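As written, the chains take the letters A, B and C, and residue 1 is the first residue of each chain.
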Amino acid sequence: MSTQASAGRRRSAVRWFAPVLLGLVALVLWQGFVVATGIKPYLLPSPTAIVDQLRQVVPLVWSAALATGLNVLVGLLVGGTAAVLAAILAARSGMVDSLMSPTAAALSVMPIVALAPALNTMFGTTSTTPRRLVVSVVVFAPIFVNTLRGLRQVQPVHRDLLRAYAATPRQISRTVTIPGALPYFFTGLRIASSTGVIAAVVAEYFGGLQNGLGSRITSAASNSAYARAWAFVLGAILLGLVFYLATLALERAAARRTGG
Amino acid sequence: MTDLATSTSAPVGTPAAPQRARSGRGRRVAVGLLAVVLLAVLWELVKLVVPDTGGHVLGASVLPRTDDVAMPHVWTIGQRMLEPETSAVGSPTVLSAMLQACWFTFRVALAGWVLGSVGGFLVALLMQRWTVAESALLPWVVLSQTVPLIALAPLVVGWGGRIHIGSFEWQRWMSVALIASYLAFFPVAVGALRGLQSPPAAQVELFRALAAGWSRTLLGLRLPASVPYLLPALRLGAATAVVGAIVAEVSTGTKGGIGRMIISYAQSASGDPAKPWGAIVGAAVLGLVAAGLVSLLGLGLGRYRHAEVS
Amino acid sequence: MSTDAGTTTHSMAAPGAAAAVVARGIGKTFSSRSGEVTALDGIDLTVAAGEFVSLIGPSGCGKSTLLRLIGDLDQPSTGELRVFGKSAQAAREAQDYGIAFQQAGLLPWRDVAGNVELPLELHGVGKKERAARAAELLTLVGLEEFAGHFPHQLSGGMQQRVAIARALAERPSLLLMDEPFGALDEMTRERMQTELVRICAESGAAVVFVTHSIPEAVFLSERVVVMSPRPGRITAVVPVRIAGERTEGLREDSSFFAAVTAVREALHGSGAIPTGTARGVDLR
């Protein structure tokens, strides 16, 4: 019993220790490589140089991350709402489904960010709307697909049971369909939040407003301020992490509630 | 809340499966065409209903400008694609220039996809073989998939023309392919690992009982079992490789590809509004074609794919 | 063919004395890719109020289909079905029966008490009353300590007991049970059977019980309805005459073995099917 417990502890220690160690080793190697070879910063700046820069530009990174983060948030809200409504319609009507499902599948493999320059023309280059629209379209597919899957996964035994109880359609939604679909929705939301952050950053590469992380990265890179560009990249990575962890927490909470 | 009672009308049973699959494919094409037509109708409807100056709510523009510069008519876009790209003598049509650019991007994305998929698969093998490797690598792989690593694209650009190793010179398109490859890498690594680990304990124990070694178990069990996971991962990898290639072209300024073409056409949008839409259509089709080609890979693997997992 | 005991169609006219279930000439066909499949044909059956009747037969004999018709989860293609003198649909809408399936079918996001309360909640019973009734039912099935647990924290047998408590929540005068113990191990199963006998005696409900275990059918029922497949028909009705109470001791009683033998012979000996096809019957 006790050996088993200690084996379990050792395993979980490895699980935590191994990736941290690997990360540290990679950082040290990176630093050592840059120092030893004297490689030019336009190829690869050292981690210390990046952190140094980050410390200097923290307020800028913060405001840029806020701007990009807001775009992601608005895009998630708009695209997510549309996706959930579409999934509800598709679950109810076979016709909507046979139109929406292939469209979502197609959307998910198209480079949506390519729309950014045209949207800039349509909404104006000083508007944040094009980026938010790009994020909305990008997050639509994963949320739609997962929510629809959730709405569909009602077990036959639950369906029979609620029919036996002569439950009204509204009651069926409230007691079975919606609670069952929630974890799927949150899974879709988690996937969408990652692709949403990526889309929001990348959409800025296509011109338009110069207030977000993506624009800062490109302008720093074109000014040969490579360590600073890396600092903004770090900011983008942290933003991605924030969204990922927030949605992961939501997903876990939903799964725990449903005993998953 | 709306009621979802009728949400249970999932298709029941699949009589005459092969026949249905064929008619299903025909239907999907029809639905695709219908979706395109609906999109065009919607486009024209927005043009008709929304005022030319667009719509603003609290200072944020929520409705697009709908004049012919911002939103050219669908038929204008179609027409423009068949006209010459520039006024220069012998200039190709926008369509053929676009196809050429797509072909360029396609090849770069393909190089990146192959590189990323092979790398992703090897890393998955490594993680399947040694638990320590999985503990050390998997969190990083998952994390990399969730953070915008593509933000690095403008930085990898700097490598173009600046790295010389012997007679080898780092080309710009290689930066693009490299970015495409690391976008393809992560989904394939994760999908392949899930697939390789998918056989249930009973099957793994059967192979152990038959005294099959790691490589025999890999070839006889894990590899076939990984197909339903691997194919969607490769498809996703192809789509992200195309996105990566386009984004990389934009941020590297690599000429010749569809990404650069979208930017340069967009810059002339005020004088030639229909032109950029031609390039955007090209990019969309490129994504579909790339994913579709990977799906073709699955045609010969029918019996391994009974339960595809996305 | 059919050996329907007693009650005639006249009883349908008098709702006060209505039998729990009256089926006359029930047939059910499903259409599938290979054409029409007759699941049930010419079913005549009456279940008296308070009576425990088991439906037994090999896989595909339509016993579950018959149960689903009684519960108005499917509709018969032909024939007439009365539940307490009403149509099956009216009986379902009036909540005249409780139902339990082979899978417990608990909602994973509700705790045990919440699952038992589900039918009461759907039918507008007040919060306080619901809680009291759930506590009472959980005591009845011996799970009063698990009210706050979630289904995935319970064993299969405990989940099934929750499902039975849920089926009893509205004090139905008819219980429909579709192999409710089918997924349980033998020991749990026997304990559950004993409990079910006790619970039914207390509630006085009629039960239609689908099973493919001969000893289970015999132990529980007053009559065992034996069915044969393709098309699903009733081939025999075996009355089980047991003197005294049905307790654990019954399992070793000679009258129990005699009834088991009678049912087994009815299953195997029915002329409609060759002897081999009865292999689907569980002879535990």
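In this section, contacts are C-beta pairs under 8 Å (C-beta built on N, C-alpha and C of every residue); 3 or more make two chains touch, one makes a residue touch a chain.
A quick note: this is a predicted structure, and the numbers were derived from the prediction, not measured.
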Greatest separation from subunit B - chain, by CA centre: C
Pair sharing more residue contacts (C-beta pairs) when A-B is set against A-C: A-B
Most central chain, Cα average position: A
Whole-Å gap separating subunit B and subunit C, where each centre is the average of the chain's CA atoms: 54
Intercentroid distance (Cα basis), subunit B paired with subunit A, Å: 17
Subunit A-subunit C separation of Cα centroids, rounded to whole Å: 50
Residue numbers on subunit A that touch subunit B, as the complex places them: 14-15, 18-19, 21-23, 40, 42-43, 88, 91-92, 94, 98-99, 102-103, 106, 108-111, 113-115, 117-124, 127-129, 145, 151-152, 154, 159, 168-170, 172-174, 177-178, 181, 194, 197-198, 201-202, 205-207, 213-214, 217-218, 221-222, 226, 229-230, 232-233, 236-237, 239-241, 244
Residue numbers on subunit A that touch subunit C, as the complex places them: 155, 157-158, 160-167, 171, 175-176, 179-180, 257-260
Complex interface listing, subunit B residues touching subunit A: 1-10, 27-28, 31-32, 34-35, 38, 54, 60-62, 64-65, 69-71, 131-132, 135-140, 143, 145-155, 157-159, 162-163, 235-236, 238-239, 242-243, 246-247, 250-251, 258-259, 262-263, 266, 269-270, 273, 276-277, 279-280, 283-284, 286-288, 290-291, 310
Residues of subunit C defined as touching subunit A within the complex: 68, 71-73, 92-93, 95, 97, 99, 101, 103, 105, 107-109, 118-119, 121-123, 150-153, 176
